[in-house]
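Both complexes below contain chain A, partnered by chain B and then by chain C.
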Partner chain A sequence: MPTGNHGANEMRSCETTGLPVCLNAQQFIKLNAVCAVVFLLIGAIAAILLALTRWPAVHLLSAEWYYRTLTIHGLNMLIFWILFFEIAVLYFACTTLLNSKLASKGLAWASWLLMLIGAITVDVFILRGKSDVLLTSYVPLKAEPGFYLGIILVAVGALLGVINFFCTIYIAKRDKTYEGSMPMVVYGATAAAIIAVVTLLHGAVTMIPTFVWSINPEWIALDPAWYRITWWGLGHQSQQVNVCAMVSIWYFLSSVTVGGRPINQAVCRGAFVLYILFINLASAHHILVDPGVGSGWKIWNTSYAMYLAVLASMIHGFTVPASVEVAQRYNGYKDGLFGWLFNAPWRNPGFSGFFLSLVIFGFGGGITGVVLGTQQINIMAHNTLRIPGHFHVTVVGGTTLAFMALTYYVVPMIFQKEFYCKALCRIQPWLFGGGITVFAIGMSFAGSYGVPRRHWDVDMGGSTLFTGFGSGAHVWLGIMGVGGVIAFIGLLLFILLVVSAVFFGKSNAGGPMTPWHGDTAIVAPIPHDAPHETPGTMILVMVLLVSFVVYYFANWKWLSDVWHVR
Partner chain B sequence: MSIYQPPADWFKAPTGSERTWVGIALVWCIVMSIMMPLWHFKGKQNSSGEAYRVEPMDYAKRVMEFIAANQVGVDEGTMRPIVAPAPGSDVYLQAQMWQYTPIIKLKLNQEYRLHLSSLDLQHGFSLQPLNMNFQILPGWDHVLTITPTSTGTFPIICNEFCGIGHHGMTGQIIVEE
Partner chain C sequence: MNNDDHPLKKLMENHWLLLVLGVVIPTLSYTVWGWIELANATQSTLP
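Presenting the complex of A and B:
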């Protein structure tokens, strides 16, 4: 077994994969993963309260608590849950997969503590009731200074974690713990880490002046237009960190669940490079109907420089399912176009979560994201429910579901604990993925009736100038509410399964994890010279393309029917 | 295989259906890239972002002068002024927590320069049921050159969070033949 640059007693050999596990990294993967799930729970409680408020027939919370809960939901889900989980993923990728030890234990402690203190600070200040500013905290809306300080601490902590990742890659290279190119999953994680650095720098540029301004507005003048541009350098770009992390996890899960292997690594790696180069421009998607930035700027940026980052996602949309198809065909599932797919290990939550995440992200999130982010079409979408309808199928149905799927391997292999109630584990991805899809469809259609996002009352609080949205919008909001309840049950089930396994599960230390399907927990990788037959994947991506084209031009048609404006 | 090191000769051009798909995807990306500038010149709905810096107090003064010059009545429910500006003229709409002033009467198929600004926080301009949405920022006079192509009563609602009364923030544009 390779020992890399590990000292004595600094590593163990994974009984399932034979890969070396750095014990320091393992400790911080555990700490960060546990925090991730705790903040996921806080965000989830907020989520169900919000869904039950925006479902007009229920309308649960008061206006004050709706906006407060929405602030909690955004920060805990989009920032804390995802960042903690991503730091855990980065530590795993740079140690186990590169056969290296973690560069610095001190840095890992500092990162984790700062993020934890920051996250708790933010939540405490929101609950104090004077920071109801939502995730974006658009100036001149003002929160207490502690709110901004907490976000800065989280960002600094995350930056330290990313620095630790880069230092580990450096020492792995220096100590020659691996030869040649790094594995794909590490490559994708590195792309995520590079984007994360740019993201967190935007965060510093936005949040530090805003923190100063919140202490005393006399000290510094903030332009709302400036704030929106720099904040979205943080807000949108952080979602691209998620995309990179999620795609890396797709490749990881394709490998362990079916033995999948990318057909052409140059293509996949090239797509990650496109993300790094062009995804930053997508921050402009949030300011397409803003004053002060002109058409040229809007068009160039919203196209991510000729849609080269979209090209990257469309490439992964092919290469990921193709890796599954090639492996399944090699392993004997050759019937027809889709025999490989029907005979895929759907009972394995690691596979079903991964593949559902891929489909939901591609068909739901990808198509809507590009269309809503088209400069002119955005006129019919900006700040309506179509926007959260889009990002709940990217960051929830896509990223979060991929993270969940990965967790079905993290718990047995890193925590070395077995899950209880495997039958419930097997249905959990379906419940959550199905629920969030219904939820997002309800949101999107309500949004196309004009229903605003971040809005407590679709009946407009008794205003005489507008008496509220019609029955069509109400029906879709009801569907959204039902989907939200199903997704919440799926999420709660996930947390219960994970918590029961981590804290009360049977230890599997000393032996391999129990396989989710088949005889071995990790399916053996197929050889390099396996035949590259992907007719099924080609059909799937052509269906995606046709849906994309139809939705795209349908939106232009709807746009052509509204008032003229320039 | 993605978790193990790749073979030494991994850097090579795509082949077969993968190559075909990359080509198709690239063409689609180019089509989408061309659509936006094309619509900018050929289409009738664009957000050009025309805007000027303005102090909120100065903007409030312009709105007051605009109302004084163009008022034709008062809305009974809200006691807000109703204005009927001449076609082709500048129209000023003021957003503040939690209302839009004044109520505006426009003529069908006539062009107006609609100015939007806020006296306090950021607000939204969401015209219903057309579902046309624009951003309103304090300190910025956002000018939309707008031509109503349908008649009726069109509510404006706020879709940028602006505090506890956000959900009741409404205004109105009336379009007549």
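Presenting the complex of A and C:
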């Protein structure tokens, strides 16, 4: 194996893949991954408390603690868990996959420490009880200065991690540690890093003046409309970083679990370029009912230009399952349209988690995202539970489940520890994926009845005029609660399995990891000239498109019912 | 034309240009245009 630009004793060879592992990068992959799981646990505890509060039959928390817990949940799940994990993914991609050393150990330390201190600061200030402003912290809601300072520290830390990533791909190119184009997974990670830059810049532009304003509102005047537009340049774009990271992980897991290759490198890379150029415009979805900006801005940013990013998602939505089908057919599973799918390695949690993430994100998140992002339809759905119903199948059923699936390879290969209870590992993605899907369906349909998001009491207790929602909404909220409990059990199981493996698992150092299925841990990639037969994927894609058309026009019909034109 | 010389291929392989475009396009289309819209919003009057 070529040693790339590594110094003496700065790398090891992975016994499972044969790939070089930069020891400095490995240290920070571990540190960031451990922090990610800790913040995932904090967010998960908040999640179950919230689910049991919005389930009217339980209604667990008081109003004060509901909003406090919702603030903790949003920040720990959407920002801390995801960002720590993504920094770990970036370090892995730019070192191991490019055969390069990490550019700067000092920068990696600074990044990790700033993010950790910032995240702890934010959580402490929320728990002090004077920062119940939710993730969005819309002004004039005001938190303690420490809350904003913590977010700034996390953002600066993450930006340093991203800069370290770019420096590493620069020195890898300079030192010619790889030949030709970057591997697809690194290309996707680069797209994620580019989107992270614009995201974090928006974070700085929003949070620094807000921090000053929180110290003394007389020092600076903040316009709520300005804040909302600029904040969503941070809030929504950070979720597009997730999309790129998740798609990259899909390609990686397709490769290691079935030997899949992207069926067309140029098309797949082109889709990532479309993400880089256009996906961030989707932030405008959140401003669709704001009066301060006109329809031209709204329609351009959410429709004409943003649909180029939707095109990119549809490309990946075809090429990722197609890569699995091509590999499976090459490996002998040729029966019928779906023999390749039925005979896929479903006992491998790396595969089942990845494929469930793909299906949940595509069918649940993709379809609802485009529909809710349509200006006219959005007016029915804005600020209802349909919105969190959408992003719980994208960020949780999609991104988080993909990250979980990857963890079933990260722990044995980077931490060099084996999982206990393989049977529980095999059911965990199903439990979590199934639970979050039921949860999101319950949320979305309750939202269709008009149930608002971010509201403590669906029955509006004490209100003089409001008569409450009907029994139908309560049924869906109950289904949401049951789904939330199942998903929580799946998430808790994941954390227990990971913690037991990392801290008490049997070491596999010196040998390959135990395979999840078959004889080898990593399935050999199929040749480049393998036949590209994808009839099963074509059927799945057609089902997705028909589902989208039905859902889209059902919403227009619904809009025509509530919006009488006389 | 060799595949490596194709302008789209060159664009896709130039990470630094993609970084600049990835920052500039959303900043202009979403953020700056949005700020201009807000700056030009007229004050509403009471009905």
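As a convention for this text, the second predicted complex is superposed on the first by the 560 of 566 C-alpha atoms of A that agree within 3 Å, B and C clash if a C-alpha of one lies under 4 Å from a C-alpha of the other, contacts with A are read in each partner's own complex, and residues count from 1 in each chain.
Convention: a contact is a pair of C-beta atoms (placed from the backbone, for glycine too) under 8 Å apart; a residue touches a chain by one contact, two chains touch by 3 or more.
Since the model is a prediction, treat every value here as computed from it, not as a measurement.
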First, second, both or neither for A:I427, with chain B first and chain C second: neither
Partner chain in contact with A:A266 - chain B first, chain C second, else both or neither: both
First (chain B), second (chain C), both or neither touched by A:T384: first
Superposition-derived comparison: chain B or chain C, residues of chain A touched: B
Chain B versus chain C as contact partner of A:D223, first or second or both or neither: both
Touching partner for A:L277 - first (chain B), second (chain C), both, neither: second
Contacts of A:V370 with chain B and chain C, given as first, second, both or neither: first
First, second, both or neither for A:G292, with chain B first and chain C second: both
Touched partner set for A:V212, first chain B, second chain C, both or neither: neither
Which superposed partner A:L134 touches (first chain B, second chain C, both, neither): first
Overlap of the chain B and chain C footprints on chain A, listed as residue numbers: 181, 223, 225, 266, 287, 292-294, 297
Partner chain B, residues of chain A touching it in the complex: 19, 63-64, 67, 97, 132, 134, 138, 140-141, 178-185, 223-225, 228, 251-252, 254-256, 259-267, 287-295, 297-299, 302-303, 306-308, 310-311, 314-315, 318-319, 322-323, 370, 374-376, 378-384, 448-450, 452-457, 460-466, 525-526, 528, 532, 534-535, 537-538, 541, 545, 548-549, 552, 556, 559-560, 562-566
Touching residues on chain C, where the partner in the complex is chain A: 8-9, 11-13, 15, 18-19, 21-23, 25-27, 29-31, 33-35, 37-38, 41
Residue ranges of chain A touching chain C (in the complex, touch as defined): 166, 169, 181, 190-191, 194-195, 197-198, 201-202, 223, 225-226, 229-230, 233, 237, 266, 269-270, 273, 276-278, 280-281, 283-284, 287, 292-294, 297, 300-301, 305
Partner chain A, residues of chain B touching it in the complex: 1-8, 10-18, 20-22, 24-26, 28-30, 32-33, 35-37, 39-40, 43-51, 75, 77-78, 103, 111, 116, 120-122, 124, 126-150, 155-172
